[in-house]
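Look for chain A in each of the two complexes below; its partner is chain B in the first and chain C in the second.
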Partner chain A sequence: MDPQLLFELFVKGLVQGSIYALIAVGLTLVYGLLRILYIAHAGLFTLGGYCGVLVTNATGSFPLALAVAMVSVGLLGMVIYRLCYQPILDQPPYVALIASIGLYIALEEVYRLIFGPYGDSYDNPPFQEIVQVFGVGLKQAEIATMVATVVLLSILGLLAARTRVGIAWRATVTAPNMAESFGISILQVRYLNFFIGSALAGFAGVMVALLNNLAEPGMGAVPSYKALAIIVLGGLGSVRGTLVAALALGVIEAYGTIYLGALLDRDAIAFAFLIAVLMMRPKGLFARA
Partner chain B sequence: MDLIGAYEMSLLTTIAIAIIFALSLNLITGFCGQISLGHAAFYGVGAYITALLGKAGMALGPALFIAALATACAGLAVGIGALRVRDDFLAIMTMGVGFLFTGIVRQQDALGGEVGISAIPDHGLGRAGFMALCLAVAAGLALFSLYIKKSWMGFAFDSIADDEDTARMIGIDASRFKLAAFALGTGFAAIAGGLYTHNVGIINPDSFGFIESITVLAMVVVGGIGSVWGVIGAAIVLSMLPQWFQFIADYKLLLYGALLFAVMRFSPGGFAALIAGAVARLRRGRTVTS
Partner chain C sequence: MIGKKIAALALGAVLFGAGGAAAETVKIGFNVPLTGFAAADGKSALTGAQLAVEQANAAGGINGNKIEIITYDDQASPKNAAPGAVRLIEKDKVAVGISGSYSGATRAAAGVFQKASVPYISAYAIHPDITRAGNYVFRTSFVGEVQGRAGAKLIGEMLGKKRVVVITLKNDFGKSLARGFKEKAARFGITIVNEYEYSIKDRQFGPIVSKVKADKPDAIYASGYFFTAGPLVSQLRSGGVDAVVVGQEGYDSVKFIKIAGKASEGVIITTSLDRDSKSQETRDFIKAFEKKAGFPADMVAASGHTAVKVAVAAMRKAGTTDKKAIRDAIAATNLVASTGTISFNGLGEVQKAVQVQIVKDGAFHHYAVIDDAKLLAPPAK
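Showing the complex of A and B:
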């Protein structure tokens, strides 16, 4: 086996894994707080992709597009929480799951009707130059994705560990009633949670639209199912577990498509891995007690 | 059979198959409370087995029987795996099974890969005969569902759906009943799949993907989880909507999505609960006024 190829696949897998991580962390945040599987998250990811392409093409500024995507997608996340989830939180868990599947399908169709079925591309996609890193050719955009993932998730970790808001958030996840009796507004924590999680998905959408140079209505479908597999692998609600599972899945897919491609397609590899892990550890890799 | 034309016959056949498929999921999700997001995989297994057996020259009846039996075994295997996981983990695992099925079929040349299987030999029943067969199976499954619901098994299913731990506590062997639900539900899904194969004459992996799993789940949920009549009603309405309103075809998925969401958001018990609520209100109103 050619070590250079193995290494290259490993790096490509990490790039894909960081995108999965950005999407899945938002889902994990929501699950940790509300115990709902939030498929419509991927609809926000798609919106992020469109924001990136349309704003960049209109203004010529990619950073502006990133900011617009994160803020608008974050806000939409809060609206979705208020209108769609808050009223059904006391129902059995499948209610929210099925409602969010419905919402995602509807969102995808709305994008198709508004933006057309074929998708939009960047007129002048930025960060397309190839850079050699340890002998592996990577697009600048791919490096930027990995770096941004590390930076964003580190900031998130710091926020959770060091700030008052972070402490309030962790307290709410651990014991909502107790937190409320200490004067924490659970509603505000939930809004914040949806804003941050959705903004991360919006960011991921912009980067994926840049990597493929295409934002299209169905771009959220496969990442959304994979992100679910990832948060389940990570043990539902564990941010660290999600991160490890996302990177692991990215790498496994990269190797799998080369070595198992004749047997399974890329998406099936992810789910075969998921099922295998669940059979051995029914509550995921990093189950919380 | 001059009463109805070819168009109505094909419509009725399609509806009957949708009813069989929806009722088969209702056994697992409705009666036993096990959410499945990958039911189309078993519909697909049944469809592929029926298609291959048909091409090998087997008659429709035995082919359907073998397909149902083989798929029930596959469903049992998945059910045994599913015993280890619960709730959200189960939902995602069944979704994984769905992706695994299409992912494997796509890469197998023996199964036609992306293109699928076509030129499946005719069943020899004629349009009317085939329609009658589909309707008979649908009616049979409906009666069977109603019978199960009233039986001891239905009681056990109900208690598991309600609260599995309590069910175990009162001595119900939850694992065995869950496996029974999986075997029955997947077996009937295979029959629906086999009939679908002969109805359309060509199958490919896209017909058995996640959207199909969601579509059938929509029928169960919109009708009212566990309600036989509700599920039948929803299967009829949801499979006819795109046919009745041709202009709606482009918006079919939007409609599914919005309907699924709206029912969960405003009436989680489905239309069955809505109607039951309305009837109860009417009755109460009448007693007050009289």
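Showing the complex of A and C:
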């Protein structure tokens, strides 16, 4: 067993895990607030990817593309909440789930109609230089993804714990009626929640399209169910749990594809891991009360 | 009296109308993925086929009759392809069917067409079982194993690389290529150092890249489509793996070069479209396609174009819409198309040379031709 290889696989696993975390955290935010499994999230992830590629190619500015992606996808998320979810909030949860899946499928085909089936790539992808980190060569884009995950999730954590907005948000989750009687606007909290969750999906989309150098209509298909597995694994509604579960999954997949690849498909490894953990901790790693 | 005259006039009008009936359209059925994961190849195949139909109609159609192409979106899935085939045969009454789709869907449709005794041509799907459906099924492109064997000769003998890592896409396409490669690897002195597999949904290959780097191979034989091979090759190069990468016709698209960027330089592929071809057929096709589609031709488009050309030529020769006559005419094909000279063996498989292309200065260019008839012999049963 080559220790350098084992370490390199570990680092590659963390990179993949960061990607998963960025995608999954928006999903857990919405679940935590509304108990809805927001599969259409993956459709917004795809839109973020396209925004990133198309705006960078058109203007040459990656930061601008990032901003456009996050804001426009965030706004679209709010629209989706208003049009798709709010009308069915009093229905059983599977109604929202089915609507979500249907919306994702529709979005994927709409992107195919608008952007074509071939996908789009960056003309001049930024952050491609290789940097040596403890002997492992990583693209700047990969390092940026890991850093972004840590930074964004920390900001989210601070927001939730230390600001009025965050406290209002947590209050709305645990005791909506109480929160309302304190003057908190439930609707505003929900819009904010969808905006942030969707903007994070948009950000993830930009980064993934950069790492693959390809934005394609179906790029959300795998994240749509893997993110679900991750938030279940981490404990539905827990941001910290999602982060840990995502990173753990990335590392397990990295070792699994190499050493178990002959036996099990990569996704099968992910779900086998999920089942194993749930058998020991049925509510997930960091389940909320 | 008047009644009889009117009756006579009416009869005359009917007969006249029937006799002067507009020339019939000849219908060609086409199943192709227009939505779903294979939609990119579907669009290319359809555009190539449509170009062939336009060109044939401009040249007088089939003995004066216009050709119409009837398309069904099968999403590259057998459960859509089979009912689609039934509709093409029974509702649209096509004279010939063509598959612009992947192996899974084509296999399903081939069975339907064979049972209905309607000729069916697979444009680029490579699974060997397709032509085994029966004598009404033909294929204008290589069986996967044949291309894989060509890859073994290319790497072991022509490039002289002996230690090879095989990275295989886990579907009919990748697996049959790998089978053919492994079958002949030893003959050309190749040792397979390690084998890895990946799924068509994968785009991040970090762990495989790290392991391949540790394997230190002389060459990498990797199967995939442009949307998997592009990211794979890009990540191999930025992961520090310099070994030559040999791919196949799945890479054959400018999109591969766009995604992989500079990493695509020096990648060599086995395919059937030679960008630097001296053949007038090929050059004309490349020019006409780019004009119609707005982007450069790829192997799938050329294959769609070739399949339609074969069907049209056979129908012209048969001079009738009798399916058996058309089938016999297809079986006797000897036609120069953009993807080579097409003629079929007893099983309906094509025997032709393999083009080898290399990516140089951001485009595919001629590298070599493999013309070993014995090595490239397609299955005969």
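Points to keep in mind about this one:
Here is the rule we use: the second predicted complex is superposed on the first by the 289 of 289 C-alpha atoms of A that agree within 3 Å, B and C clash if a C-alpha of one lies under 4 Å from a C-alpha of the other, contacts with A are read in each partner's own complex, and residues count from 1 in each chain.
The rule is short, and it goes like this: a contact is a pair of C-beta atoms (placed from the backbone, for glycine too) under 8 Å apart; a residue touches a chain by one contact, two chains touch by 3 or more.
Because the structure is predicted, anything quoted here is derived from the model rather than measured.
Of the two partner chains, neither chain B nor chain C is touched by A:L89. Of the two partner chains placed around the shared chain by superposition, chain B is the only one that A:L228 touches, whereas chain C remains out of contact. Legend: residue contacts after superposition of the two complexes on their common chain; A:M279 is shown touching chain B, with no touch to chain C. Residue contacts after overlaying the shared chain place A:L156 against neither chain B nor chain C. In the superposed model, A:G261 lies in contact with both chain B and chain C.
Within the superposed three-chain model, A:E109 lies in touch with chain B and with chain C [touch as defined at top].
In the superposition on chain A, A:A99 contacts chain B only, with no contact to chain C.
Looking at the shared chain after the overlay, A:L211 reaches chain C, while chain B stays out of its contact range. In the superposition on chain A, contact of A:V173 is made with neither chain B nor chain C.
When the two complexes are superposed on chain A, the residues of chain A that touch both chain B and chain C are 109, 221, 261-262, 265-267.
Looking at the complex, you find that chain B touches chain A at residues 35, 37, 81, 84-89, 91-93, 95-97, 99-100, 102-104, 106-107, 210-211, 214, 217-218, 221, 251, 253-254, 256-262, 264-265, 268. Across the interface of their complex, chain C is touched by residues 2, 4-5, 8-9, 12-13, 15-16, 19, 109, 112, 116-119, 121, 125, 128, 130, 137, 139, 208, 211-214, 216-219, 221-222, 253-255, 257-258, 261-262, 265-267 of chain A. Interface residues of chain C facing chain A in the complex, by the touch rule stated above, are 34-37, 39-40, 42-43, 170, 196-199, 201-204, 206-211, 214, 227, 230-231, 234, 238-240, 255, 258-261.
Across the complex, chain A meets chain B through its residues 35, 37, 84, 87-88, 91-110, 113, 221, 225, 228-229, 232, 236, 261-272, 274-275, 278-279, 282-284.
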